[in-house]
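The first chain written gets the first letter, and so on, giving A, B, C, D, E, F, G and H; residue counts start at 1 in each chain.
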Amino acid sequence: MEKKEIKMLLEQVATGKLSVEGATLKLKEAPFEDLGFAKLDYHRSLRQGIAEVIYGAGKTPEQISTIARAMQEHGQKTILITRMDADVANSVGKNIKLKYFDMGGIGIVGEMPIPDGRGKILVATGGTSDMHVAEEAALTAEALGNEVTRLYDVGVAGLHRLLANKDDIMNASVIIAVAGMEGALASVIGGLSSCPVLAVPTSVGYGASFSGISALLSMLNSCASGVSVVNIDNGFGAAYQASMINHVGIV
Amino acid sequence: MEKKEIKMLLEQVATGKLSVEGATLKLKEAPFEDLGFAKLDYHRSLRQGIAEVIYGAGKTPEQISTIARAMQEHGQKTILITRMDADVANSVGKNIKLKYFDMGGIGIVGEMPIPDGRGKILVATGGTSDMHVAEEAALTAEALGNEVTRLYDVGVAGLHRLLANKDDIMNASVIIAVAGMEGALASVIGGLSSCPVLAVPTSVGYGASFSGISALLSMLNSCASGVSVVNIDNGFGAAYQASMINHVGIV
Amino acid sequence: MEKKEIKMLLEQVATGKLSVEGATLKLKEAPFEDLGFAKLDYHRSLRQGIAEVIYGAGKTPEQISTIARAMQEHGQKTILITRMDADVANSVGKNIKLKYFDMGGIGIVGEMPIPDGRGKILVATGGTSDMHVAEEAALTAEALGNEVTRLYDVGVAGLHRLLANKDDIMNASVIIAVAGMEGALASVIGGLSSCPVLAVPTSVGYGASFSGISALLSMLNSCASGVSVVNIDNGFGAAYQASMINHVGIV
Amino acid sequence: MEKKEIKMLLEQVATGKLSVEGATLKLKEAPFEDLGFAKLDYHRSLRQGIAEVIYGAGKTPEQISTIARAMQEHGQKTILITRMDADVANSVGKNIKLKYFDMGGIGIVGEMPIPDGRGKILVATGGTSDMHVAEEAALTAEALGNEVTRLYDVGVAGLHRLLANKDDIMNASVIIAVAGMEGALASVIGGLSSCPVLAVPTSVGYGASFSGISALLSMLNSCASGVSVVNIDNGFGAAYQASMINHVGIV
Amino acid sequence: MEKKEIKMLLEQVATGKLSVEGATLKLKEAPFEDLGFAKLDYHRSLRQGIAEVIYGAGKTPEQISTIARAMQEHGQKTILITRMDADVANSVGKNIKLKYFDMGGIGIVGEMPIPDGRGKILVATGGTSDMHVAEEAALTAEALGNEVTRLYDVGVAGLHRLLANKDDIMNASVIIAVAGMEGALASVIGGLSSCPVLAVPTSVGYGASFSGISALLSMLNSCASGVSVVNIDNGFGAAYQASMINHVGIV
Amino acid sequence: MEKKEIKMLLEQVATGKLSVEGATLKLKEAPFEDLGFAKLDYHRSLRQGIAEVIYGAGKTPEQISTIARAMQEHGQKTILITRMDADVANSVGKNIKLKYFDMGGIGIVGEMPIPDGRGKILVATGGTSDMHVAEEAALTAEALGNEVTRLYDVGVAGLHRLLANKDDIMNASVIIAVAGMEGALASVIGGLSSCPVLAVPTSVGYGASFSGISALLSMLNSCASGVSVVNIDNGFGAAYQASMINHVGIV
Amino acid sequence: MEKKEIKMLLEQVATGKLSVEGATLKLKEAPFEDLGFAKLDYHRSLRQGIAEVIYGAGKTPEQISTIARAMQEHGQKTILITRMDADVANSVGKNIKLKYFDMGGIGIVGEMPIPDGRGKILVATGGTSDMHVAEEAALTAEALGNEVTRLYDVGVAGLHRLLANKDDIMNASVIIAVAGMEGALASVIGGLSSCPVLAVPTSVGYGASFSGISALLSMLNSCASGVSVVNIDNGFGAAYQASMINHVGIV
Amino acid sequence: MEKKEIKMLLEQVATGKLSVEGATLKLKEAPFEDLGFAKLDYHRSLRQGIAEVIYGAGKTPEQISTIARAMQEHGQKTILITRMDADVANSVGKNIKLKYFDMGGIGIVGEMPIPDGRGKILVATGGTSDMHVAEEAALTAEALGNEVTRLYDVGVAGLHRLLANKDDIMNASVIIAVAGMEGALASVIGGLSSCPVLAVPTSVGYGASFSGISALLSMLNSCASGVSVVNIDNGFGAAYQASMINHVGIV
């Protein structure tokens, strides 16, 4: 059914009755009019060639397995499951073939796609304890078709570690700066790079870090231009937008 | 002096002794080693062909005029002055030719550049009272070489106004969503578009809006993927990053 | 004793010595002068024909059973028990016949009343994780004599899901909008409907959602008219007021 | 144009081709499809027979006058202007006939409508300093077609003042409880009445009242059932919803 | 040693060489100059004839037993142990004879003193869930030599319950008002009484009660005169000051 | 009228038909049943022989003068006007004889009463900038019939200043501790005295004093027993309760 | 009088009856026993040879002049007046010879002392707008006998500016890091230096900088060791402690 | 390799080709240019002769053991492990010889160094429950080569305990003041001493202590000069800076 519609649309494009831009717009609009949730997903996948995402938190292994299998049957090649504990992953893995990454809480069903973005996404962290959030970001970015460089434990209290990697910073297409405590990493990297920096405050720290508020405020007040911020510990959100940026203008 | 260095570098490129990528990297690195503040600016301008920015808040008309004139003498074609009151603009205008935009608090010395980004930047606001911040964003984006579409007063309490403009939303390369009060605009637009959305909370509202905190929190907690946030009222910051995104991969 | 007073009063009404309005007022006033807690409940029940409520949190199964049985003996037909864990419900169920709803944490002793309100109460949620609070609201509304329409997982990031149900929204007598994270659902629904909207912020979310503060502030700052707010996760409170509204002018 | 559509629709109703319910639904839906802002207003007025509202804050006297005159020409009989200073009102009054209420910051163009709600709306305040917000509520309610009872300075520290007026409280259809400082009025009134109570925290107080936060939190945590809350100082918002409730089921 | 000093002092008083006031002042001053912690306690006991207090939280059963026994050996007749769990009380009870009050978390070693204050201390609560804090207050007051009236579950949402007990309120010498949620009890009682009211916010509630902040702010902003506030859940602190007030001018 | 009632009541007392306690209770109860605001005041005055209070903030000079004159006509000997600016005081002074205290913002109509409390009220401040609040407290206490000792600028950073006055601290009947910044004064004084300490946080300070929040929290968390707290800058409230305490048991 | 005591004490030292340490301890202790405020100051001056400080905020020009003159008469060579506006300084300058520094709000009566600390105090700022606070720190440090290096506008978004001055950072004895917005300067400098860093958050910034809270939290959460923090905008406090550190072990 | 570089450098010093200061600077600079993390540590150790620190929180026993052994092999004599639970310490102790201090959560590998600072570091606490943080500070200070005086349970509510130890306070080189609840200890000690005071707020307390915020704010607003503050519960951070201060000018 849906496939028919899409075929017809593509034939119109093929015969010149519809421009590519026009067709793309039609596909994007579709969910607006009468589609349900599943359709939207299907469209997005078809349009962008990237992974579908299952937000794992609060879902049972059965629910996750069911959704993932339905996606597979629709032809989805990469399925990303976020915020999934090892226990849940273990149970899901009995139902469907799954690669689980403990650091990051990420499961991947299917193959990681071949990167097709403009450049590299750099994921940097202030400390080793920010790695869990950073891996959520890095694996998400990879699952969405991006090449990722990891640069961990380069907090601003030891600048030499950061400066030793300035080539990575300068060559990145987008940078995801992950830091807790005082969250200064985003500002320092923002000052060193000329690409967009997406800052992820983490809940790492104690006392007056207030579970990430300190880092969040630092990042929002960054004196460097070109820095925007996502929610505390939201590695997925940063990677999702980073991937969008890294694919700007790529159909 | 600096010009010499740059010339030498460019000659090396011309004669094939240095690749373009190598030279670009060199220029970016330069500020690292021994340059002062002015040099950095000069490099950035040379590299990106875009406007230099003067943060007007807290600066005297004399200071602004002096900096602007120095930039002009360096060959800068577009100079953007932000956060400038009408009074200050009036005084600056006596020293240097200036186009002042009261709504937005922006002054432009020189010509607006010809847009050279990938697509259009859409600036949307929830209400008419968010326009000051939105214009700061829109004018900044234009001064940085972007084509801008304005979509004002499309707050979520009157969805038909927003839906009537869904083509603009779907065709944008980047979207800047400006809203105070409950800040829901970012989420709704984020759900309608497939491009990055930069959310700008504004201090518009009263009572429990707490000068923008309500909108800021809403935007950070957006249930839509692809949304990141800048500081309250920071139209400039959103536009700066939007321009970066709209120029990704463009030398 | 109390029964005698009420009988006398009703006889006066029957014989025309007292108008219905006068009698109603007297009954409402009664608790004021010398009645204890139980009396109040009895009056309310008699006056409104609706369910009595036991707030289960912090009460032992024995306490709940005792209160419920006392109510039954007073002739109460529907007894609503809120904020009750499955364990407690299990114990209570051994003492008294009980229907327990795990999603919502609600127990019902007796029969659900036949709806006698003016119209339907619509209960809408932003996401599936808001369902627990929504069911507390929906079941409470039903126990208080209302017909309820459930519209779950219609968050603003996927507007088409909400718009596909606009008839439900427009036909409702009262709407309860349940949402966590950025809480934008209340504003969007408020803009689509012309009936009162009661917003329930939920503690669903992470990071800067601050256990419901983000949603609470959004809802208080709603740019839509006709929206009021109850405490975080207070599905019962919203349903109680919604039922009052749905019974306005009905004796 | 629009008038034609509406006429056609009404003729269909008149000839039985369209039920009243069907027509009402059509009119409500209209703004959804292609209408602009003005159309919506026109529809609402036609549908509800009540006042149009102009939010005066941040608007110039010229803007207010222009909008009010346009509404008058559309046949609007009552136009409510909120959040208007005396100075602005004075200027507006030179362009258009206006009745201004200093206490409340409200201007009325045209006649107050004849009340057509189910019952009375009671507006109660804790102290005399809450009167400005209370009058915004009371005048708004009157402009929207409600009979209003005012009960001012009945704060909980002098219960006898409140109890002396318990008949007013018990006879009300909806109650708007306006209070600053500790905001306890809403709970006490909520306990005395069996109708919905809309609580309006005010920014009245000093020190740890934190410009209304203390009252806001008190009201959200009310131990009385049937209380919901609007934004700090939002007398208009409470009255708007109160009017909706007082007109439930009235076409 | 210390006894000698005190004896000498008392002999001076006896022989008229030192006035009673002078001696009292000396005893109070003593800790200032060279005394250690134990001495202070001994003095206080000697001076006031009331209970010594052991703050149980964070102390092992052994520590509590040791301190209590040492006090007993010094002749202390009543020893009050606060913030003690049932488990700890059980262990302590094996070492020293102890009466434990689960509701209140209070242990008493020795006899409760005969009340010797000016009047009665009334302890009132808004709800049954505030009883734990209220009992900490009531038992502390009794251990410090006060007659206590308990008035529980008289929250402001059911005023008749409070008004039915107005004689108790008006006859009290000091009132301790214990309430969570909106904390309005203190204001209402403050308005009904002419004696000092000590307000104790409790952490009872959920959502926007923020573990007692809502009640705390309400109480600080009480519109009733004669109300002061202690820390959240600090029943002991309120009772300690209440006892001081109830013993003003009593040697 | 009212006078008649009171006379009758006193005659009953005189002839032994009514006990003093019974009569006092009756007078206290009176406001409950049918009295308006003025009556209450009259009763209080009659019962306590102390000053009536007019809260001046937000009242016009005319309103203040009218109320004060009405009180005088009722025979009130001392009228206390709080929170009154010098300008307002000047205007009021033209209508009625007034003694104005700039430091404290207090006006007194009539004579200060002869102190009749149990002992002295000590008013202590941390710094000279807390004096405005302290004088509000001190003058209020004097107007309510208390002898007051002032001990200003004895902040804890210069302990010798405080210790030099330990006799005043130890001899006080009640202590009002007024301090901004870190608010430690209350704890130190609480540790030195055996009478109730009422702590008044002031909004004095800058930066992280957050207009008195720092001092407020310190005082609520005082490690000294016998300390309770009133609202920020609420010198009047502390003095009112202090006077109650200083008059405990005095008819 | 006091001089006599001090002379006697010094003679005892001179004749070997008292060790230098013993005498120093005595002088420090003196204020403890019976001295007033002025004596303390005099002692401090005598002991440390440094400037006396007058906190200017809230003092009249007359008060400042009087205190300063009294100090001069006691032989004080350098008198530092902080938090003084230009207007006040102008008035004070008519009474007493004064050098006023507008940037910093500092007045100096007498001569700046010859630096006698161990090394240099470095005062660094993130931006030019932090200069007011930085100058308060720098001038205070100079008035207390320290050599000061100023390093302004070296914010972390332009690392090259900071790195270009690493010798100054590494050679400092103490560093005062002054920054608003995200306050990252303290961490970066803390990582580059091996001396104590005193961080001063400033209220510079807008939106979510919350008048210095953002910078304050960043600095408290610094990931660099050796960083402590003073109150927002408290340049004086940082300099006072920096001077203490720079004079450790110097009599 | 590195050793060679350092040898060469030292030979240059020995032969007069390089001054000591020049060499020190070189060593400090080294990490800047090309060194990795391990080198830095090695340098610091070589330069300062003090303990290396392992932050234990979040590290496995294996990781801690591995790092500690590597340090030992580099010749590190004292290795300080912070924030280590007893369980982890037990496991680590099986791999490497370790002295564990339960109170403080500190492990020491190797010998405590011989103190080589200028004077003593005094660690004072308000209560016994602050001891855990205080011991983290005291043991850290000792491991970094300082003599430490402990002064516990000297809270301001019992001033005599503090004053009895004023010699310790006056003789200290640096003071670490550790306190929860109202945190007044820092101010009182700051007023008694003439050396730098580093204040450590602790999370000890309940209710409105808000896990250390109350103490933190008190300390930031200290009215005593010479007080700076570290993060809540950060005993290590205070001790690290205290050691720096105690070693100022000592190579």
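Keep this in mind: a contact is a pair of C-beta atoms (placed from the backbone, for glycine too) under 8 Å apart; a residue touches a chain by one contact, two chains touch by 3 or more.
Nothing here was measured: the structure is a model prediction, and the numbers come from that model.
Participant: Under the document's definition of touching, what chains do subunit A and subunit G have as common neighbours?
Facilitator: Touching subunit A as well as subunit G, we find B, H.
Participant: Taking a step as a move to a touching chain, how many steps at least join subunit B to subunit E?
Facilitator: 2
Participant: In the touch network of chains, how many steps separate subunit B from subunit G on the shortest route?
Facilitator: So the least number of steps between the two chains is 1.
Participant: If every chain is reduced to the average of its C-alpha atoms, which one ends up farthest from subunit G?
Facilitator: Looking at centroid distances, C is the chain farthest away.
Participant: Taking A-G as the reference interface, identify its repeat among D-E, E-F or B-G, namely the pair sharing over half of the contact pairs by residue number.
Facilitator: Same contacts by residue number as A-G, out of D-E, E-F or B-G: D-E.
Participant: Suppose a student superposes the Cα atoms of subunit D on subunit E; what rotation angle should they report, nearest 5 degrees?
Facilitator: For the C-alpha superposition of subunit D onto subunit E, the angle is 180 degrees.
Participant: Subunit D to subunit F: how many Å between their CA centres?
Facilitator: 40
Participant: Could you state the distance in Å from the CA-based centre of subunit B to that of subunit F?
Facilitator: 57
Participant: For subunit D and subunit H, let me know how many angstrom lie between their CA-based centres, rounded off.
Facilitator: 62
Participant: Two or more other chains in contact with one residue: find those residues in subunit F.
Facilitator: 32, 158-159, 163, 207-209, 213, 216, 220-221, 225, 231-232
Participant: Give every touching pair of chains, nothing left out.
Facilitator: A-B, A-C, A-G, A-H, B-C, B-D, B-G, C-D, C-E, D-E, D-F, E-F, E-H, F-G, F-H, G-H
Participant: In the complex of these two chains, what residues of subunit F are touching subunit E?
Facilitator: Spelled out, the residues of subunit F in touch with subunit E are 25, 28-29, 32, 44, 47-48, 53, 118-119, 163, 166-167, 170-171, 173-174, 194-196, 198, 216, 220-221, 225-232, 236-238, 240-241, 244-246, 248-249.
Participant: Tell me, which parts of subunit E touch subunit C in their complex?
Facilitator: Counting only subunit E, the residues touching subunit C are 128-129, 153, 158-161, 163-164, 206-209.
Participant: Which part of subunit B faces subunit C closely enough to touch in the complex?
Facilitator: The touching residues are 126-127, 155-159, 163, 181-184, 187-188, 190-192, 205, 207-210, 213-215, 217-225.
Participant: Can you tell me which positions in subunit C touch subunit E when the two form their complex?
Facilitator: 31-37, 40, 58, 201, 203, 212-213, 216, 231-234
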